[in-house]
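Each chain gets a letter, A, B, C and D, in the order it is written, and its residues are counted from 1.
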């Protein structure tokens, strides 16, 4: 008689949030908040963390950023959680490479009185106080399908070019895309394949080529990853498929500007990463000030907007922005 | 070269000394380094590298290399997750994973010893293959709900001390490895195999069998590491431990193990592993950025080979001077009879 | 000028009071030497006397610690082997230095290939020049064949061809004949004589004294790094020369003891390895020394390898003391009491970077064990014991064997195998590169072993050694045993006849 | 002539009959084996998907291979000298970024190419100096410089990136353009490949690279300028990595601090698959290039056949193993053929001693 999954399930998990929130508590100053992105030197995270830094300066607290130089170095990220714990920051904002791997270290941190906010990419709910979500996964998934469907006239084969197969957020969005496609108005659209480019330019390139060779009558591609969409756009713009195969997904305006202008891409979307960092920072400060504890239903104000904490301590940033030839020049990130 | 033998011996003591100096300095001057939690994290995070470094050192001494270790670890973690999801008991899963590691190692070993392929090439191939199989087995799942007594063992400490519980079994394995390499006939013959395989064969050493055994043990240790990794980080994913092979290789090289085979000590290799681990820990605490840490690691590696080289030249020059000064005055030329 | 008094031509190349040390070892202690055009000069001395070191100093491999090298009477400093080569000095080193991946032609002409327009290599001319050289040496090696897998003898031939290709003013040869049989040696000497007549200066090293007397005019003897004498050979006897080298009179060179052969210890039946040798059967009895003769490439070494299990046999059986040996398993052969002293000491006999102690200890790893661990004390005393018995000249037993002179390395190989206390001993060119004094030692040892009941199979290209030591001589020709000649009938003529296939069975 | 031996066949003729062809076959057969594997793979894929070898498909195949071919050619030179350069990925990344920064500032593309090549040359020189002057194991040194260059790159680049928008349009178009199915980039790579191969076969210094990889000690004794040659091989390898960097920029229109990360294993695989032996002295640049072509094509073949991405990695690994195993078996066949054929063209009837004496 050993231990099986069933036995463990019976034990049940522990809830993270404890204590009582005081919405009227004063916002503390002089706090230190450590940002721990999936990877330093990643433009997306740099923009996000800059947003966090700005918010913290505004609130009179200080900012620091640490992180591994590789986006797959999970053990490296764990040791950085440990480093922040040792340095006794007041709160940390973490974008987790792995939902489970950081748990032990994060729990140690929470045990030492450090408030933990995850942003962009979550861990298990019991390993942090709150999660700042870039946009509701449902919104993202559904709007991307809507964007593409309009571009291809609600007809034809489409494919998805994702990042790694394990990317949790990608997978959630893809689930919602599939749900959206069940709507009868998409009855002429067929999702033929989900390909994985592992957030690597060359691999995303070759996956795009493969999709087009396998389905020569492909009408559109959704790539819900900034690396993937960029690589796919670069490939399309240099091939005979330029303008014929529609491409949309998540991308940054700076990355995609050329391709929107040269007609490879009509429209794509993204939330503002700086706003994400900003909210993560403000949530961290609110937690450290005792204004919230991460329980469902608590509310707090950040940058003039009131946010309500949803189920499992999730806070949604809002709707993503759609970029196209008309508005793209007014963004710079 | 006589120096090259003594070089290995000297270099591993240098690395050991460096490690001690670093530890002493860090205890004294780095905030947050000396507390039990940090030390346990430091050791816990370094353990996977140290574990794999044990058989890797033996393998490298015998003139081979296994780059597939990280993938084997990932595969065993993935299989562990998949079987766990199937509802098997953890007590049955772990032996299966170890067995799987044996098979992985055996495949490497057979390809190298039977087909005579270079191990570097073979294990680059299996590096991809094993990781790929892991991906097929577990897909995008991340399994986290392993039983807490196992998780606690893999992440927990001995009482209130800084020692992770898993460190004690590691010490036992280390002792076994040291004795095997440096005191048994088997280990001793590995040095001969690494330095001159043909001469070893002529001396009646069963080269192929030994190598096969080493690859198998390496595979098993790698899968043990994979199991430990999944429990330590409470997460079984197909991409667990990606890139670990390079860390192991770097640490082992730093410890003075010669990749041409036939040279090195386990003490040096393990000192190298913990030196790198401790250095990274200290640098993080000191807010040295990840990028600069990479540069420091690189410089350390270059110095680890240039250092002994310079030391050798200095000592050779000194010996030459000594010999020259001890020489009697040149004798008068012997008369030639023709 | 070193010798203003001397009339006649000036020396092309000379050493003046040259000293060279390796750490604590003083390999050369103020040695002088002069090489004149049109003269073959011998360098004689025991193993480790400093001959190779002297040659490497002339060749620019080593820089002398003191003293100088004179070229055409003026001092020169060679910064590397390239400088010496450019000065017209061609060297054959003691150990072959070939590039296994390159063809024989490229091995010979590397760096000096004939060119055509724009500095491109003229491959055809290279090939033809090589073929011409081979013709000159009377050996039909294929110029396009890669050097990998050439037998030691063939390697030596390529080395000789390389040295000849320089058309050098000075030709230096460090034991070029050690691996060659009589006919190739004769051929080589023909070429050397021709060169001498064309005015080249030649420096020649050999432990076979008859060779020195056959082609040299002058001899310089070294002992312990110091020059003993430099004198004309005319009027000297072999004993004179030996006395200068060793400092005493020589023991009998072939101290063969008469023994009554015991029972069959090694039995080889219908042994075949396809394409290499066919249907080889013979027996060796306890107490017997059986010689295995043949021309270079006849397949003797291959037979020994297959008997010991290094190579797998395609057919046939091998029995040691009635126990059949597993195919391709040297470890079981060793367990049965078989030992093989291989012919290529660097590649097969020794781990060059390992200490003398551990090299000898390598064959005893399974016997010098206590509680599963290596018994270091026993290992050291076993190694010391044999190193002393074989007069290995070393500084410390923990030194790497690579620091030993060639002959002393050979002794370590012997020690390594004798230490196993074999019942059947196969020695492949056991005295290659060993000086006369030690050679007698080795012979006495083999003789003693036989007297103690060990069965010895001795492969040698040194015909006098075979004739002097063997109770029985087996002769191979092109992969087959062609004759078995009892000691009483064995003469140079009978053995050569069988070896060249003229008396094929 | 010292000796007359009428019984022997004329020697100058003998090699031409069997030897030359055999020796040539030794070298070409290994490459043929890889080529065969490659062609079979293409054939199977074409059968499964007729769009695969369309004009666009062929162009894609060639484009995908270009960068790896260049780096593999450089790497093979280093490996032939019994060394290795693990830092090529880092060099590629940093050179690409340097070129990108130059172009971003409005620089001329030709200068950008020169800049990248120069940068690569510099790092190659550094590696070469460390390895040849220090006479230390190349694996360790270049693993060290891999980290160092990568670190410097990340510190310098930070989170900046250069995208197609920052580059002159002509430059990016050049990256994907060409004459029908043959891209410009592939032509550059082919030019470099053929020139290098010709140099390696027909120039003394090229042959010396083989020699010193085959037996370094003998090379020293033969008076080959060992350090100079090793230095040259590393410099060339670095220069090609730099060139590959700027082509990468043209091709992908995008660089950041992660560009070229982990590339060293791919390059080493390509070289090994291409039959360049790690212990030095044997193999050819054509083999390395074929290895690169094979490896990159696998990544195109699998998606084209509609194989799920989940399987790609595993199949990749197995194919890699298969390729080396096939190569090995071919090599063994050749070795056996060599062994069966005696070293001696024909065993000469050795003349009696008296015959030679009369010289």
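Operating definition for what follows: a contact is a pair of C-beta atoms (placed from the backbone, for glycine too) under 8 Å apart; a residue touches a chain by one contact, two chains touch by 3 or more.
Note that the coordinates shown come from a computational prediction; the quantities given were computed from them, not determined experimentally.
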*Quickly list, by label, the chains bordering both chain A and chain C.*
B, D
_Label of the chain whose CA centroid is most distant from the centroid of chain B_ = C
*If you average the Cα atoms of chain A and of chain B to get two centres, how far apart are those centres in Å?*
36
*Report the inter-chain centroid distance for chain B and chain D in whole angstrom, where each centroid is the mean of the CA atoms.*
30
*asked:* Taking the mean of the CA coordinates per chain, how far is chain B from chain C in Å?
replied: 42
*So which stretches of chain C touch two or more other chains?*
none
*Two or more partner chains touched - positions in chain D*: 154, 310
_Residues of chain A touching at least two other chains_ = 40-41, 69-70, 165
*asked:* Dump the list of chain pairs that touch, please.
replied: A-B, A-D, B-C, B-D, C-D
*chain B-facing residues of chain C, complex*: 3, 6, 16-17, 19, 21, 23-24, 26, 29-30, 32, 34, 65-67, 218, 227, 229-232, 310, 329-331, 333-334, 340, 342, 347-355, 358, 361-363, 365-366, 369, 372-374, 399-400, 402-403, 416
*Write out the stretch or stretches of chain A touching chain D in their complex.*
40-43, 45-47, 69-70, 165, 193-196, 201-203, 205-207, 209-214, 216, 230-231, 234, 237-241, 254-255, 257-259
*Residue numbers on chain B that touch chain A, as the complex places them*: 31-33, 35, 37-38, 41-42, 45, 48, 84-85, 87-92, 135, 139-151, 155, 232-235, 237-243, 280-281, 284-285, 287, 289-291, 293-294
*Hey, which residues of chain D end up touching chain A in the complex?*
49, 51-52, 54, 56-57, 60, 64, 154, 157-161, 163-165, 172-173, 175-177, 252-254, 256-259, 261, 296, 299-300, 302-306, 309-310
*Of all residues in chain B, which touch chain D in the complex?*
67, 111, 115-118, 120-122, 124-133, 135-136, 139, 243, 246, 249-250, 253, 258-260, 289-302, 304-306, 309
